[in-house]
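Next, two complexes with chain A in common: one pairs it with chain B, the other with chain C.
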Partner chain A sequence: MDATSKDIPEPAGESANWTLRVRRYIDRLLPMDHLLPDRQPYYVGSWVYVFGVVTIAALVWVVVSGVVLSFMGPQWWHVSSLGRFFNSLHFWSVQLFFIFMVLHLWGQYFMASWRDGRAATWLIGVVIFGVSILTAFTGYLSQQNFDSQFIAINAKDAMNGAGIGAFFNVLNFGQMYGLHVMLLPIGVTFLVVWHIVMVRTRGVVKPIDPEGASKS
Partner chain B sequence: MKGVTQEEYYRGVRMAPYDLVKELVIALAGVGILALGVSAFVSSPDEPPVTIAAWAQSDPVDFVTTATGELAGTTTSAGYGQPYNSAADAAQKWGPIAPQVWFGVRIPIDSANAFVIQPLQRGVTGNPQLDTAVKAWQAASADDQGKWTDAYTKALADAKVADDGSVTVSDGDYGPLPVMMANLLGMARSGALDGLLQISGRFYQTDYTPALLFMGDGGYLDGLAGNWNLHGDQWGMMNETGQYPGQTWLWLYTMWYQVFPFNSDSGALGLSSANADLGIIILMTLLTAALALVPLIPILRDIPRWVPLHRLIWRRYYTAKVRA
Partner chain C sequence: MDSPTTYFHWGFILISLPNLLVIAGMVVLFAIALVAPFPHGGKDDGRN
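Let's look at the complex of A and B:
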C-alpha cells in the first residue's frame, strides 16, 4: 500500500525529540571549544598544572600495561622475561601515577581549586584517590608472590575488624584479581573522565584574590 | 558561580594560546620514556611465594607446633571469630560498634578439621597406622585431647629434627599425636598438603583462604616477612620485598599503628592494639571524608589563602596585578 502524505507523521517538535534534547544539552554543557580548548587564561602557564596531565598520562600507561598482563594471564609474568618487563612497566606506571596524583592533589589544595562552584570537582578527585588506592591494593594482592601472601594475611585483620572481610575476602585470589582487572579499573577510568569533563565544563579556577575576597 | 558560563567567568581575563592535545601527547611520551626506562633498568619485585612444602622442609618444628595448635584450638585462626568462626569475645569492637560480629560467620573455617583432620583422612588409605591414630583422636574425650596437645606442645619446644626431616620429641603420653603429626609432616614435605588444603570439591580453584590462614598461624612466613621489613611495626605496608617501593601512599594509614593508643595494650577511650584495625579504619574513613569535604570545612578551606604558596604558583598573575 502506498503511503499518502496523510500517513507520514509530522517531524517531532524540539521538546518531544529525546535525541535532539540530549544532543543540545551536551552542546550546552560541554561545547567542543571547551572540551579541547586552544586558548586558556594566561595564569594557566604555571608548572602546577602539569601534574594533572602527567597523572592522566601515567594512568594510560597503567591501563595499557595492565591490559597486556590480563590478556596473557596472571601466571605469565612470573615465567617470561617479556612478561616481567610488562609487569615492571605496570608497577612503575602505578608508582608514577600515585606520585603525580598526590602532587596534583596538594597543588589543587593550595590553589583552593574548589572555589567558584568547583567543590564537586574536588570531591570527585578525592574519590578517585580512594578508589585508586583500593585498585592498587587489589593489585598487590594479585601478584601471586610472597608479598601478596603476606599482605593478604595481614590485611585480612583490618578488613575483618571493620566487617568488610565478610564480603571482601583478601585471601581469595579470584575475587581480588577479578576486582583488580575489571570493576575497579572501570571505576577509576569513569571517575577520571567525569573529573576531566567537570574541569573542562567549568574551566580553570581563577587565582586566589590577593585581598582574600574570593572564597568558596 | 552556578549558572555562569566560561565566557562570563573569564570576562576581562587575558587569554593565551594553548595546545591541549600537544600537551597530552608530550606528557604521554615523557611519562612513557620514564616508566619504560625504569622498568628496563630496575625491573620489579617478584619474591616467590612460600609453599606449605617449603615451610615443612625449612622449619618442620614450627610446622608441627602450628598443626598441634590447630588441634588444641590455640592458633590465631582457631580463635579468630567472625567471619571464620564464632569464637567468643574474639571479634574487634569499639563500644557498641562491632561490624565484625554484625555480619556473622560468612567464610566458615574449622581450623582443626580443615588443616589437620581432613587432610589426614585423605591419607589413611593403605596406611592402617594413621587410620587407627585418626580414629583414636576422634574417639577421645576433649579432656584427653587437651592433655595430649598440651604435653606434645611442651615437648616440641625441645624437639629434634632428624636428617630425613622428621621431628622427634622426648617420650611422653601424647596419644595418637606423634603418628598423626609424622604423617601430616610427611604429606606437607612432599607437597601433597598444598593441594589437599585447596580441595573444594570442584576442579578449578582460586580461593586460597585455608592455606593462607594455616600459614599465617605459623611463624615461618612471618619470620621471612620480618627479614623484608614487612611487619606492621616496621611500617610494612609501605615496603616491598627487595629494594622496591611498596604502597607508600598508605603512609598515614600505617602510621596510626605506630602511635598511641593503637600501639598500646591498655589504650584510651576504649581503643588499643586489641581493636586497632577497627579504630584505624574508622579514623581513616573520617579523615577521607574530611578531605573530600574540605570546601565546606572552615579553617581547612582557608589555609590555602593563609599559606602564600599560591603566590608562587601564580607568580606572573600577582606580579602583573602589583604592576597594574
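Let's look at the complex of A and C:
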C-alpha cells in the first residue's frame, strides 16, 4: 500500500492535535511552491539576483573545506601539499563569500529590498554580515602561524579598549578556535537558512518602478 | 612576496593596492551584472 497523507482524512476543526496545527501553519506561511518555485517574475531575470546564490555556493565550499581542515589539523594544513591546497581553498572561498555577499548587499540596497514587509529579511542579512566578520576574524586567529600571533597580539588591545577582553580573549587559541569552527559557523548557517526561508516566504521584492507601471 | 605592498593615501583614506583592486573589480562586476543580458530572462507571469 502506498498511503500518503492525502489519502488519510484530516480531523476537522481547530481542536485537532498540535502536529496538524503546526503543519497547517507551515502550509499557510510557506507553501511548497513558494519554498521551491519553478517560476519567478520577469524582473528576476538579471545577473544581480545571482550574487546571493553565489554567496551561498561559496559558503558551502567554506564549510566543506573547513570540515576537512578541522579533521586533519594544523600540522597537515601547514606542511603537506594537499593540506596547503585545502588551506588555500578555505581562504579563497571565504574571499568569494565576502565579495559576493557585499555585491548582494549593494544590489539589495539599491533596490530597497526591505520594502513591503521585508525589513526582518534585511535585518537578518545585516546580522549575517556582522557574524561573518566575527567568524573571519577568529579564523585569522586560528591559523597557527606567526600571522595569527601578530594579529592576536595587536587585537587584544582593541578588545581590552572596548571592554570585552575578559570575555573575548584573542590570545586564547582554544577559545578562538572553538568559536571559529563551532559556534560562529552554526550561527552563520542558521541565519542564512532563516534568511532564505524569509525570502521564499515573501518572494522577491518588486522593482521600485516596474516596467509599464505608475507613469506620473 | 616578502616586500610590503604599495599604499595609497588621500586625506583620511589609506588603502593598499590589492584592496583597491578588489573593490574596483567588485564595482566593475556589479556594473556588468546590471547591463549584461540574462539568458532565458523573458517575460514571465509567475509569482510576484
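Assume the second predicted complex is superposed on the first by the 194 of 216 C-alpha atoms of A that agree within 3 Å, B and C clash if a C-alpha of one lies under 4 Å from a C-alpha of the other, contacts with A are read in each partner's own complex, and residues count from 1 in each chain.
Rule of thumb we're sticking to: a contact is a pair of C-beta atoms (placed from the backbone, for glycine too) under 8 Å apart; a residue touches a chain by one contact, two chains touch by 3 or more.
Treat the numbers as computed from the prediction; the structure is a model and nothing was measured.
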Partner chain(s) touched by A:93 [first = chain B, second = chain C, both, neither]: first
Chain B versus chain C as contact partner of A:40, first or second or both or neither: both
Touching partner for A:206 - first (chain B), second (chain C), both, neither: both
First (chain B), second (chain C), both or neither touched by A:152: first
First (chain B), second (chain C), both or neither touched by A:140: first
Which superposed partner A:162 touches (first chain B, second chain C, both, neither): first
Which of chain B and chain C A:80 touches, first, second, both or neither: neither
First (chain B), second (chain C), both or neither touched by A:103: second
Larger contact residue set on chain A - chain B or chain C: B
First (chain B), second (chain C), both or neither touched by A:119: first
Set intersection of chain A contacts, chain C complex versus chain B complex: 34, 37, 39-42, 45-46, 48, 50, 102, 107, 203, 206
Chain B residues touching chain A - in the complex, by the definition given at the top: 1-2, 4, 6, 9-10, 13-21, 23-24, 27-28, 30-32, 34-36, 38-40, 42-50, 80, 82-83, 91-92, 99-100, 102-104, 106-107, 206-209, 212-213, 215-216, 221, 224-225, 228, 230, 232, 236-237, 240-241, 244-250, 275, 277-278, 280-282, 288, 291-296, 301, 304-305, 307, 309-310, 313-318, 321
Touching residues (chain side chain A, partner chain C) in the complex: 33-34, 37, 39-42, 45-48, 50-51, 99, 102-103, 106-107, 203-204, 206
For the chain A and chain B complex, residues of the former touching the latter: 34, 36-46, 48, 50, 53-54, 56-58, 60-61, 77-78, 84-85, 87-93, 95-96, 98, 100, 102, 107, 109-112, 114-117, 119, 122-123, 126-127, 130, 133, 136-137, 140, 143-154, 157-158, 160-167, 169, 171-175, 177, 202-203, 206-208, 210, 212, 215-216
Residues of chain C touching chain A in the complex: 22, 26, 29-30, 32-34, 36, 38, 40-48
